[in-house]
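One structure coming up, written as structure tokens, with questions to follow.
The first chain written gets the first letter, and so on, giving A, B and C; residue counts start at 1 in each chain.
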């Protein structure tokens, strides 16, 4: 298992390097001169030239790249061109809310998805099964922004049940919970489908296994059989799924945060890119990629923990 | 030469496939949901292909009749079946053109990524020596989720359909490569490959005639399963203002523009959103059914 | 069954969550707005979003009444101007202190103004301070502002957020983070924290009692806490107001105003005059638009009335003049000469000038197609405007090309010589303010993006700027107004009035308009006492 983790870590080094290079190239080839953006619209050419020199924009590519690497390793990601805040401080402020949102989304959608998938498998072919499958296909086919807009329109505007702007505070406060409810609901709705589907098919597999058949032969109820023998094994693929779908979830979070004016990394990234704030865009992309790598590593570890067979592989 | 040909055809399983094909068509159409989805998909494709002929209005010119509701609503008129948007443009015409661009983005991205990915996967299976490197490379690529790639590319090249297509294509590559490889490894173990080698076929011939032909249908199914997801991500990027830019029409962008009018004329945002839903739903149902009928091998 | 119970519990929990009332502290309001500022350093931002906040967390020596013409006391209780217009003496109010409790003295004023004009600061708005010879503190409560040339605009300029009095220790302690991570001001509210593109939070300044006398309440503020929340989407801001997630905002789209007026718990107030003008300018030295006939024809071809009606539901004022007719020093004799909608005359003018329609209906002359390129800001407003202008111009054979840029890129792009026309909107307090900004030759290439290089204009502008009395000043500016309108240097589009939408839980607020900041110092925002 340690080997798995080590492997994973080694693998992530070139990936990280790639992300850094990508982020760096981004600023290099982006339209618009960063010095010009920094200097402001009416700055005379001399000022722009000064800034170019100070930023080292005329140095050779690799000198600049390694300079950038060195700064990143020291935690210096530069300052946002738009807000003048250090990129690091903006990122730190946004990471918490995004993690909260992810947590609030997964905490309800995974259990519900697993429950739905299990029920569908146990009552295979029944109305419940069909309902769950239809729901999950519809779920993965709905554009996330549509879900968000519908929820805002009905829950937020017509019924006035929940707020839909910004973050109300930490998760453990009433306002925090009220504000995160709609974004977490939207994001979770697109995630239940894949979870339910995956659970259903893996529970079905498990039901075919010998010891489960024996248990069933002993006259135990279908549901009990599943709970006692099947679910643990059936959960393994579900864990993998969360890792595989992390990118999908991340994409959903970008849209959800933007629509709900929720101050997370996704909204920060979109804002930075739309306003050509290159250092900040660089920073957000770096953090998002890091998060993605981390999630996948965690999933690998979890997988290894849950499934003793992986050690043999 | 001719002996080789006969030897080859004799062991080629593709030929045996012919009668089975009819069966799967029937099986697919027997699945009522899949049949409906397929028909819907065909209608949508036809509509977008012939958009210039069907569209009753110019989708890009604005008019003074803004926010006209669709025909079934109060104040609606047959002049604008789906109503007009905030700038007085005919929504039905824009949907036709918008669907066209959305489909083009999806098809081109999945096509490019699928072809490149499957090629890499097949090569990886065919030449065992490059396999480990190729798979590590794919693992690396897999670490960039599509939305992230999209954001990065748009940051560099500015918003537009092309960066979105490239991002979606790249993100399709690793998945396709893995699937293609796993299918190809199975095929490589079969005896007709050995037979082909025995009769002295070159690598190129072997690759094209046997490996490619025997894998292509399974790979195509997998690619079709990606299609829905790719459309969704593309629409999401456009919705955020990072995709296709005005004056062109794209469904995600149309939904985003409709947001300003959500309170007063919800149909402007709802209609394109529902259209995306229908396309993706139809694609997903068809893809699922195809997979179930045709290729139980890659059932999860 | 355990599972069902769990389900019930979570359903109940969800219902409870939805049913819980929002915690409303006694006097806290949430203001939604469209965009954030790049920073809150008074000398380093020209954004309206910065002014909105700075007016509340800081003070200026002189304040402006909602009529946008009458000066009122600010940090200075009174002032005198020497006869030659060169020396302004300000007498500061007593007992003024910064948020951190430190007393504000004349030295702070001197420091603030000197930082404003210091080349080191490289403030884009340093010119607004006039030609300063020196600024000195006579004693703790007297400041002398000495000019080398008279500046008739000075007192108006000193009402702007750029003239906010700041604290030297605070500036030096924060360094590059001044106006970003903190700000120590003397305003009715104190800086609490800023998350860029998300929210700006400010708390009541308890010691504040030195508000401008035109306010009924001179302090302290009625509100304990103000949160400025960024919500870029029009529709979301509107529904936020309807659902009570924001109590007051000036950022409501024209489309929503009628709906908001008819919503029972909401009220919309409109300022009397509009001091924010949308226009397109011509680069007068570019082929095609260098022809005065072309510029005039374009002015005649565009139907501002229709734009105001169709795109903005009649909530904006169609503009034919370059500044609002209610502005200080506007010359009413111009009213009859403005170029209204007359496509026939536009066609006639173009025909006479030798621009002949080609096969595609677009005019050309000497092989040059009449297809000017316009740079505008990205976003739904300019998209709507420019498409409407494009359609009108096509009618008279002008094929307008449009390129839209995101705001941050646009400012750079608009400093270039790449385009023939540009779309812009701007706030102003007076004719002199507007004209000196846009039409001085020394302001080329930006903000004088028209390349309007005219010695007479420069001379009159200088006369107006240094005039010692109202009459000389308005005469000089009137000449400039006539000259640029005659030459059709701009295509004016509309004046945007100030609308403030608010819940009826609040007492009615009088819309202000200084630099487009509708709430100004926020001293009159208060909850109704039942």
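As a working rule, contacts are C-beta pairs under 8 Å (C-beta built on N, C-alpha and C of every residue); 3 or more make two chains touch, one makes a residue touch a chain.
Computed from a predicted structure; not experimentally measured.
Chain centroids computed from C-alpha atoms place A closest to the centre of all protein C-alpha atoms shown. The interface with the greater number of C-beta contacts, when B-C is set against A-B, is A-B. With centres set at the average Cα position, the gap from subunit A to subunit C is 39 Å. For this pair, subunit B with subunit C, the centres built from the Cα atoms lie 47 Å apart. Subunit A and subunit B have Cα centroids lying 23 Å from one another. For subunit B, residues touching at least two other chains, in rising order: 259, 262-263. Shown for subunit C are the residues that touch two or more other chains, namely 233, 236, 239. In subunit A, the residues that touch at least two other chains are 31, 157, 274.
Residues of subunit A touching subunit C in their complex: 31-33, 36-37, 40-43, 47, 79-85, 90, 93, 108, 115, 152, 155-157, 160-166, 174-175, 177-178, 181, 259, 261, 263, 267-268, 271, 274-277. The part of subunit C that touches subunit A in the complex is made up of residues 3, 10, 14, 17-20, 22-23, 32, 36, 38-39, 122, 124, 176-177, 180-181, 195-199, 229-233, 236, 239-240, 242-246, 406-409, 411-412, 414-415, 446-447.
Against subunit C, in their complex, subunit B makes its touches with residues 61-62, 64, 66, 86-88, 246-247, 257, 259-264.
Interface residues of subunit B, counted against subunit A in their complex, comprise 136, 139-140, 143-148, 151-152, 154-156, 158, 171, 228-229, 232-233, 235-236, 239-242, 252, 255-256, 259, 262-263, 266, 269-270, 273-274, 276-277, 280-281, 284-285, 288, 299-300.
On the subunit C side of its complex with subunit B, the touching residues are 233-236, 238-239, 253, 255-256, 259, 306, 310, 380, 383-384, 387-388, 391, 404.
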